[in-house]
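Structures follow.
Both complexes below contain chain A, partnered by chain B and then by chain C.
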Partner chain A sequence: MTRWMLKSLLLEPLMLMIAIASAASAFLLIIMFEGIFAGESEQIVAYVRNVKADVWVMQRGVSNMHMATSYLPDWKVRQVQELQSVEAVDAILYLNTVVEAGEHRWFSYVVGLDVPAAYAGPWAMSVGRDQPAVGEVIVPEVFAHMAQLEIGSQLRITDQEFTIVGLSRETFSMANSVIFINKIDMEDIMSSFDISSFMLVKAAPGVTPDDLVETIEREIDNVHALTAHQFLINDKKMAMQMGTDTIALMTLIGGALAILLVAFTIYSQVARQRRELAVAKALGATNRALYASVVFQAIAITLASVILATLVAALLMPVLSTLIPAVTLRLTVASVSKIAVAGVFVAITASLMPARQIARLDPVSAFQSGG
Partner chain B sequence: MKDNSVLQAHNVLKTFGSGHTEVRAVDDVSMTLEKGELVLIMGPSGSGKTTLLSILGGLLRPTAGQVYIDGTEISSMSESQLPMIRARSVGFIFQAFNLLNALTVEENIQFPAQLIRGGSQQASERAAQLIERLGLGHRRKALPRTLSGGEKQRVAIARALINSPPLILADEPTGNLDSVSGQEVLMILHDIARDEGKSIILVTHDPRVEDVADRILWLEDGALRDRKTEQHSWVHDPVCGMRVDEWAAEVATTHAGRRYVFCAQRCLERFEANPQAYTENPSAVIDSAGHMGVDSE
Partner chain C sequence: MLLYLIRQLRLDMSRTLMRGGAIAAVVAVILVLEGFYAGQLVQLRNTVLNRGGDLIVLQAGVSNMIAVRSVLPQFSRQEVEAVDGVASAYPLTTVALIYEQAGVRTPISLFVYDTGGGPGSLFTGRPIEQDREIIIDRSLAEKYQLSPGDVFILSDFEFHIAGISEGDAAYFTSFGFVLFDDLLDFYFESDLADDISTFPLLSFLLVNLDVGADRATVAQRIEASVPSADVYLPAVLADKDEALGRVTLGPIFETMIGLAYIVGILVTGIIMFAAINGRLQNLGVLKALGFSNGYLLRFVMLEALLLASLAIPVGIVLAILLGVFIESLEPLYLVLPTETTPLLRTVLACWGFAIVGSLLPVHMIYRLDPGMVFRS
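Coming up: the complex of A and B.
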């Protein structure tokens, strides 16, 4: 039965290719949604992932950076610096706010650096300086390109003008870019002085991040310390939560489209094979066996569609990332696995409609020309 | 049930519709088919032949009556039990061949074997035997669309035999074939009944089949009659030469003490206009006692 169904599919290669291509386009849509989500989720936490801290220290009750507010008095920074387990501390003052350049506006992480910052500043530069002086700003290269900015151009953060002195790489995201200014300017913007938001701490040689967390929390009052690894997990979780609903809706739409396309294909296939299915039924095939065969056809088409969509996505994503640098795309194993699971659901759901056709098939119709 | 009977039908009734629109497609049919017997079912279009065949093969449930295949009553079986009976006990041969287009000759023949548990294991060997026996050795890997009508029907016969069912039901197996291929298929079916002891019911309009049949049953308006027991049923119209069923003929006359039957009123009129012109052919006459001349069929 399985061989028959598979060979029946291959009997009309053009129809099969159209069916696979149609379903693949729906799966490609889902993969692209997932790719944008995965890419943007990665990019939102780019700062936390790339700076070279072992431990992050913040206000008690805060456990991530994305959309969070944390205040630490500078004297606590000095307390941490004096700990024997600590090699270095970079303190940043941080704000989520809108950056304006002409008609362009971006929601950004604005990081106030205590210059010279050893490792809290941009980790990859395209051009210019990575340490901003007062009145200066370092912006993402993509950001500058889209707003037609260059070194020396002006932009506005809240009500203050800044001059671009450096263009950084890997710091742009559609949702949240990373901008670097001097901590003194940030204190002016926030009208708050002698404070920091986060301490980025490096452990002394031989001290593990976990030990350092324990030491800081024991020695310094009212702070929360987390290893960089845990801090990244927390931040990513928060970022993912904020986009999950939208992506779930998009995936649902793409999935529904895939179900419709595969269902239509299988329904058409069953309609075309109606007479042969009736013959098989007359010869002794059970409804269950025929239905299993139709499900097999649906799974075969869906699997081929998922593979095709994945291959096209793998080829398309690098090209799209080059053509549209504002969009960060990632094809992850998790995304592909999710699509494969969705594919099985799609195949089974798409087979439900033809199942009714099969159950109602009259084997007597095999005697079509009888008297 | 008789020990040697493969099929028994008792008072089988099948109606469609209800009230004043009710149609009796099969009307109180009873019949028995012995092992190795080849029985024809003939009758006009719409007489219920296919409906009867479908009921006998477990494809259609009768409104009343019982059908037994190999001693098992199939008319009371559930829908889930019938497919196995069809796969194991009945071989179907269709007028339109009904081969599965995507499968090769060999795969088509083996198809019913895959529908029964453990059937696939011996199917290859049995299929190979059938392929050789039916002269399909050179077409083993061919797809149905490349086969001639005669080859397709031979594949269908092999497919019907793959599970060695005791009963073969053939619906107009020569209907789509030329005379040579049709004759060939008939001889194969005859040999299957004679050599393998298969019981065959053959629904047909083809008069050539009568030569190989053990019995002929006539179905009209859903009711069955045995015709082979009635002697000299076929004669030729003395005017046009057409074969006429003496039993069913309504146009007849007596001339010089002998009875003549005609296909139509027009032939009778021509005969009566000049009887001498037609009475020299003895094959066309039946004497007044109802006996045929020397060329009777």
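Coming up: the complex of A and C.
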């Protein structure tokens, strides 16, 4: 039985290859779309995820960073610093705006650092300094590459000029690239002084983030404190609405096309074998054997297609990342597994339609002309 | 040849429909992806163009309306109105806020206006007539099932919805509109920051010119008399917002569209290849009857083009329906699948895919042995 199933699968090697190539093309589309979605979803919250705070403190009513406006007077920063359960506080002032370098313009999150910042600044540097003095800026390496900037180049934020002193890594994304300047410059840009947007707080040894949240909210008026974990969840949820949901929707549309193409491929493959399967039935093969054969073929073709598409995607992603550094791609086992499961389900469903027609066939028809 | 081709396509109708359907699906998906991107750019442009005015005044160094902070000195309105050629200057302020209801949070851009720069067109309800009223975009209203007359609480400040507008969203953000009279109350009574000096009181000025005044000349005069401001024609500012959209969204959208094109080529090519491979016997008969390789090649190319030409209109209709469905599901998005350039690009690409696909098995036609017809 197994031998017969294998034999019928390999009966027309060229058509089998065509079927696998066709389904693999569809899977490649969805794997790449998923790769973009996974990459951007992670990158969009890169700052919040990578800075080493235990607790984030912000204005009351605010609970995330993305598109949020939070202002705290600096005396509240000093109040938090004086709490016994606090080891350190890094305060930042931030603004989302457009930065310009020559003809290049980019939408960025500009983080004003209270220098020296222990952990609120860039967490991975490619080259240069990670603490910007007044008039200095640290930009993502990808941004610098795209705008042909280097250390010493000039960059404009609103009407102020800055000199690039460092290139950071892992800080670039479609929706919110992160650049760092000195907080004094940020106060000038915003014409607002002695204020911060967020406090990034480290707990004293032995103090849990949850305990620290409770202490800060009890001791300091009109602030909202969240553990870094909860703040990341909130920020990701908000950031997803600003762009990545669109990618998800586009992935869904690409997925619908992939499903259609896989169904078409498998249906065609099984339908092509209608006569052969009818002969097998005439020679005594049971309906169960026929169904097993088409399901086996559907699964085999689908899995081979997913493997082929994954291999092509794995080769293509580094090339695309080099050619289009603005796009973050990530190939994950979870994505591929999800696609494989959906693909197998669609393939089995598509294969059962022609198989059902064959199962209902009169075996004698196989020997009639044209049967 | 055409008659024979049509007969061939009708011979196995279900397979023809499936092949055509697959190509139509490829066309539809490419058009929807293109339409998504085009829609985002149009929304960005409309944000500026729908505000009105002959000129727009912004903070010096700021050259976008969407997703940036522009702060003009409060007295700049009087300074601009004093410039020769200016008939009036309407203030407009934008504030980025987050609306929350039942734990669901959504970023919104609040446009604070006086007489100009308000909502584009009302979908339902009426313009603002009383204190503490707000007009919100349909995308936000449908997300939270809000209607005119409902309470709309923003940062603990209670507005009442006067109307629902349409087409007032961009950059994945819905817009809300309130009058300047309510701005200070909102700043003082809401739970915004302790220090409201951090929030802008005036972001833009929408300038109307005297009849016959030259825009460029008046713009120069304004920049000379208000050094803290830059002046743009609405169309130029719209271009800049669109350009920013292309920079920010372009890499992702263009990569996804590019991938869809590549897969489209592969799929169409494979479909055509499989179709011709499955009909080698028929082609062998034609060859045995004396038809040349060139004729057979033209035949398969014409078949591919015919199939693609039948599939393209179906794909376009599918894309339009998909676009309407997406917009009704999520009014935040504008999907324009029939924009001229992407449409032409997709149609040409589809014909290109079909020709490439039909040429893939060319070696099989050339190597076809007419004798096989008589051996089988």
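One rule holds in what follows: the second predicted complex is superposed on the first by the 287 of 371 C-alpha atoms of A that agree within 3 Å, B and C clash if a C-alpha of one lies under 4 Å from a C-alpha of the other, contacts with A are read in each partner's own complex, and residues count from 1 in each chain.
To be clear about the criterion, contacts are C-beta pairs under 8 Å (C-beta built on N, C-alpha and C of every residue); 3 or more make two chains touch, one makes a residue touch a chain.
As the structure is a prediction and not an experimental result, all values here were calculated from the model.
*Asks:* By the touch definition at the top of the document, which applies to A:V127: first (chain B), second (chain C), both, or neither?
*Replies:* Touch status of A:V127: no partner.
*Asks:* Contacts for A:A118 in the overlay, against chain B (first) and chain C (second): which applies, first, second, both or neither?
*Replies:* In the superposition, A:A118 contacts neither chain B nor chain C.
*Asks:* Touching A:V341, do we find chain B (first), chain C (second), both, or neither?
*Replies:* Neither partner.
*Asks:* Could you let me know whether more residues of chain A are touched by chain B or by chain C?
*Replies:* In the superposed model, C touches more residues of chain A.
*Asks:* Looking at the overlay, what does A:L315 touch: chain B (first), chain C (second), both, or neither?
*Replies:* Neither: A:L315 stays clear of chain B and chain C.
*Asks:* Tell me the contact category for A:Q59 with respect to chain B and chain C: first, second, both or neither.
*Replies:* In the superposed model, A:Q59 contacts chain C only, not chain B.
*Asks:* For A:I151, select first, second, both or neither according to whether it touches chain B, chain C, the two together, or no partner.
*Replies:* Neither partner.
*Asks:* Determine where on chain A the residues touched by chain B overlap those touched by chain C, and list them.
*Replies:* none
*Asks:* Going by the contact rule at the top, pick out the chain A residues touching chain C in the complex.
*Replies:* Touch list, chain A to chain C: 14-15, 18, 21-22, 25-26, 28-29, 32-33, 36, 40, 59-64, 66-73, 95-98, 104-107, 156, 158-160, 174-175, 190-192, 195, 222, 234, 237-238, 241-243, 245-247, 249-250, 253-254, 256-257, 260-261, 264, 267-268, 271-272, 320, 324, 326-327.
*Asks:* Under the stated contact criterion, what part of chain C meets chain A in this complex?
*Replies:* Checking each residue of chain C against chain A gives 15, 18, 21-22, 25-26, 28-29, 32-33, 36, 40, 59-64, 67-69, 71, 95-98, 105-107, 155-156, 171-173, 191-195, 197-199, 243-244, 247-249, 251-252, 255-256, 259-260, 263, 266-267, 270-271, 273-274, 277-278, 322, 326, 330, 333.
*Asks:* Sort out for me which residues of chain B touch chain A in the complex.
*Replies:* Answer in residue numbers: 43-50, 53-54, 57, 59-60, 80, 83-88, 92, 94-96, 98, 100-103, 107, 111-112, 114-116, 159, 171-172, 175, 203, 205.
*Asks:* Per the contact definition, I'd like the list of chain A residues that touch chain B in the complex.
*Replies:* Touch list, chain A to chain B: 1, 3-4, 7-8, 10-11, 275-276, 279-286, 289, 363-364, 366-371.
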